[in-house]
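Same chain, two partners: subunit A is paired with subunit B first, then with subunit C.
Moving on, here comes the complex of A and B:
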């Protein structure tokens, strides 16, 4: 009430369209550097080389085996690092919140997660080459201690599916820790006490109370991790030099020079990526809303 | 209490997960440092660091990236602070659509953004429906490319900067501050620069540092727009050198650590995560 009174006294009412002038620069910027570039790709994917409207590019997307392979590889890597990073990140967040580890470890982990989730791209790729590359530190360690040569006696290769996934995990599970730690804090002590009073074991409490409450949050975060890995380009490019054909690498090749010999198909490839990212963001926000019902 | 009971109270699995996590975090860092210190045979030394920092190209690209980061931060503040302020004060009905736009960069990753930017701005900008050229293609001259890349970085940082500023404004009473300033005769410009900005400086700082962390090592936009930035430089260095890139990688890690540490210090809260991978 006090605020409305103040508002009436303090400033004259601004007419409706003038109010919107205040946000024009923002919208202008968004249109010029975000909306227009995206629209250009969308329109391009519906245009053939003569400039006419067509669905051919989108249909061809599903016929070119190497494009399907690129999407599939990206999806597999993103899913593997989302699930793996999600589970491991959850366990780590659990260990420092309700898991009973000393408090200082918690702030150490949170700080480190903030750094690691922002540490990506070229430096991350180089660090992993120094760790698990052919002459890497851990590669040498395994050779000296266990007598196993990773690159000759096993299938392992840093510049492959598992290598890239392992590298992505370095920014994936810290992100999970950052999201899950507050959610785990939101578990109320009363719920546990109520469960114990009713004779539930620890396992029963986790399976019947805690996990169902946390599940939307866990799944939502995993979807966020999926999108995080799906859009990544720099790390993969620096690590594999473009040899591992994930979708972002293929789009990069298309930007550098029209390798598909069909610009429209390149745009369609980009649009397909945007659609997958959009679906995962929608899934994330839907689950996020569900999780807010119980937590916080 | 006997020893057995005491052992049983140790959260065994928690420790296992934590130690595994710590190993996974620290091993790559240790490996990088270890490698970067062995440039000279049988000697542990900082030769790789000296070599890396002595390279004039390093200084040039690093300063250039810092300049880009600074421009991005300034542009974001100029763009976002008045917008968030105005929405809070006068235009709550725009909140939903603006928040939606600030989320879009999550849907349009850097590689797609630069694809679109190049396609739009590599042809001359014309006045619609005429043949009059308004501006040469932005990608053909240096300042044009700089504008383009800073705009792209503002987009990439948009979700973090907007969230930071908006959270900052939630904690101060924007309306009362504005009324007070207005009754003393302050103009809109004065209100934003002298009243609002100082009151949300912690939020601004954390947004700025996060933007800095995104921009300084960024590779995707920088390499496709062909600017002499630090990210592409480090990538190229890695193609024909071994020890210097490791040294610079570790230095980048320390820089990220510094930025995140400062955010913690200023906000006292939790670290935030960006998405420029």
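Moving on, here comes the complex of A and C:
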């Protein structure tokens, strides 16, 4: 009887299937565009051109020099842009949070970062070609104003390792700003005051308290930046046209290319990428948890 | 002997005066509380002693040495913050030893001092725990240990118990007072909780709108408030407008009902408007105890407050509270009853209107 009375008093019970209604589109989307392609990728990497099961594709990953070079190049570009973008983004985030710059500047930078961190692919490549390409606006300006031809008198080349890294930096540092600004906001004023009160200088506070507290966030963010650059394809392809054989371009060539067409090998290379990205994300997630525990 | 001294200290933020002409001498080993509502300037004054704010005018000295413009790191003043401010990347022991390591003390001495502090705050078993593994009360004890580890000249406590629940607050405040007395350290304690200030302090500075309203022992502050603000802020107080009837005999009248006070009113004139203040616990029903002032009243309301029963009565047209200890055999009047209450002459405080 008591149970009946309780049921009558409470809100009407929601059918189990209704609880799942809101997330159904997401799961459908994930199944169609994440789970199924992933399964296809795994199966494809174990399949040869005749459709038979094989380990040859995976073995080739460690045997073919151009594949190892492609991974290594991608890792180097991703690491360079993660470190560069990370440092640059951290300094910017610091300036507009604890650095004491005017508040309107913070809003402007955060808005810019929100837009710039998503500005990648063909438009970004073309905007860099239009500014820093051989006949780009800035290249011409430097030549006309300072008399320096970037491409003839310096080592600069937009279509090289550093050129591509510079282009990636455009979306890397804003992403760092977006992640680090809340972490820097999480530094409590009382920590600094407590450190000062106990005799610490500003440098000692940063070295012994603030940076160690922020370190998981900084490293985690850099891992995210690494993953962000590692998975980039369209920007590099549009900018260099395949001159730089990063792993995503090599995968594209294997799956869609006319000359190097070997989808099985392409899938195996993509699986290698997935493993590297997964390791990155696990690292990011572990560091983020540690950071949240300290900054809450 | 004066240990900490604040002379004519003021702090302005633009046009706003946070602290105005603050003067206080604190003796070695004394526990002084700054008590007042939010925005009265108590925390600003504390932060000026710590060095986080520089006074606009005035001078602060410790042991006669001027520290007014010294950096916080150069003052040797320990501070306990409301939000604990423990370094989250360090264990309890590392937090306590932080100040000593910054001062480059020998590692063996640091270890000994940390052990000593852990024993004082009774957290020996938590030495290797991180702050996120501690309760609020434990964190505040670590903060206290950390502030004391550097052997500060003065210990500053900025509402250290306000984030804790009631039971822990009461236990920890006794612990704080015990440690302070044991170490004989000079302490300044900021609070808006009158009970905390009354139970902990040797002296209380009641502040209002950046100024000191009254300085005195808890006994003086509670029993002999000198301003209406202090009278109202510290404890519950009945107060009503009154008129001086006979200055020579210290008789005043509330709505025509006469009260005799122990306060000397010879300097006032007949007809002067004053404010009368009487603590609720100083009233009694006439049937229980005969006192000097016996007045008619009507029972308006009765409220149980645990150990206390608060009875609201009307004396003339003025509303008064009287407190009586609760006990199961207490015979209470009924709402609407007419009765008589009494209070001693000493209970009737007379303040400026």
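The criterion applied here is as follows: the second predicted complex is superposed on the first by the 249 of 296 C-alpha atoms of A that agree within 3 Å, B and C clash if a C-alpha of one lies under 4 Å from a C-alpha of the other, contacts with A are read in each partner's own complex, and residues count from 1 in each chain.
Here is the rule we go by: a contact is a pair of C-beta atoms (placed from the backbone, for glycine too) under 8 Å apart; a residue touches a chain by one contact, two chains touch by 3 or more.
Since we're looking at a predicted model, the values are computed, not measured.
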Combined model on subunit A: subunit C and subunit B, fit or clash: fit
Contacts of A:75 with subunit B and subunit C, given as first, second, both or neither: neither
More subunit A residues in contact [subunit B versus subunit C]: B
Which superposed partner A:219 touches (first subunit B, second subunit C, both, neither): neither
First (subunit B), second (subunit C), both or neither touched by A:204: second
Partner chain(s) touched by A:58 [first = subunit B, second = subunit C, both, neither]: neither
Angle at subunit A between subunit B and subunit C, C-alpha centres, nearest 10 degrees: 90
Smallest separation in angstrom, by C-alpha atoms, between subunit B and subunit C in the superposition: 12
Subunit C-contacting residues of subunit A that also contact subunit B: none
Contacting residues of subunit A [partner subunit C, same complex]: 188, 190-191, 193-201, 204, 208-209, 212-213, 293-296
Footprint of subunit A on subunit B - complex, ascending: 11, 13-15, 17-18, 20-21, 24-25, 27-32, 34-36, 79-80, 82-83, 86-87, 90-91, 94, 98, 101, 103-120, 151-152, 154-155, 175-176, 178-179, 182-183, 210, 213-214, 217-220, 224, 231, 234-235, 238, 245-246, 248-250, 252-253, 256-257, 259-261, 263-264, 270-277
Of subunit A, residues touching subunit B in the complex: 3, 6-7, 10-11, 14, 19-20, 22-23, 25-27, 29-30, 32-34, 36-38, 40-41, 44, 88, 91-92, 94-96, 99-101, 105, 109-128, 130-131, 136-138, 168-171, 173-175, 178, 181-182, 227-235, 237-238, 248, 251-252, 254-256, 270, 273-274, 277-278, 281
Residues on subunit C engaged by subunit A in the complex (per definition of touch): 50-52, 71-74, 76-79, 81, 83-89, 98-99, 102-103, 132, 143, 146-147, 150
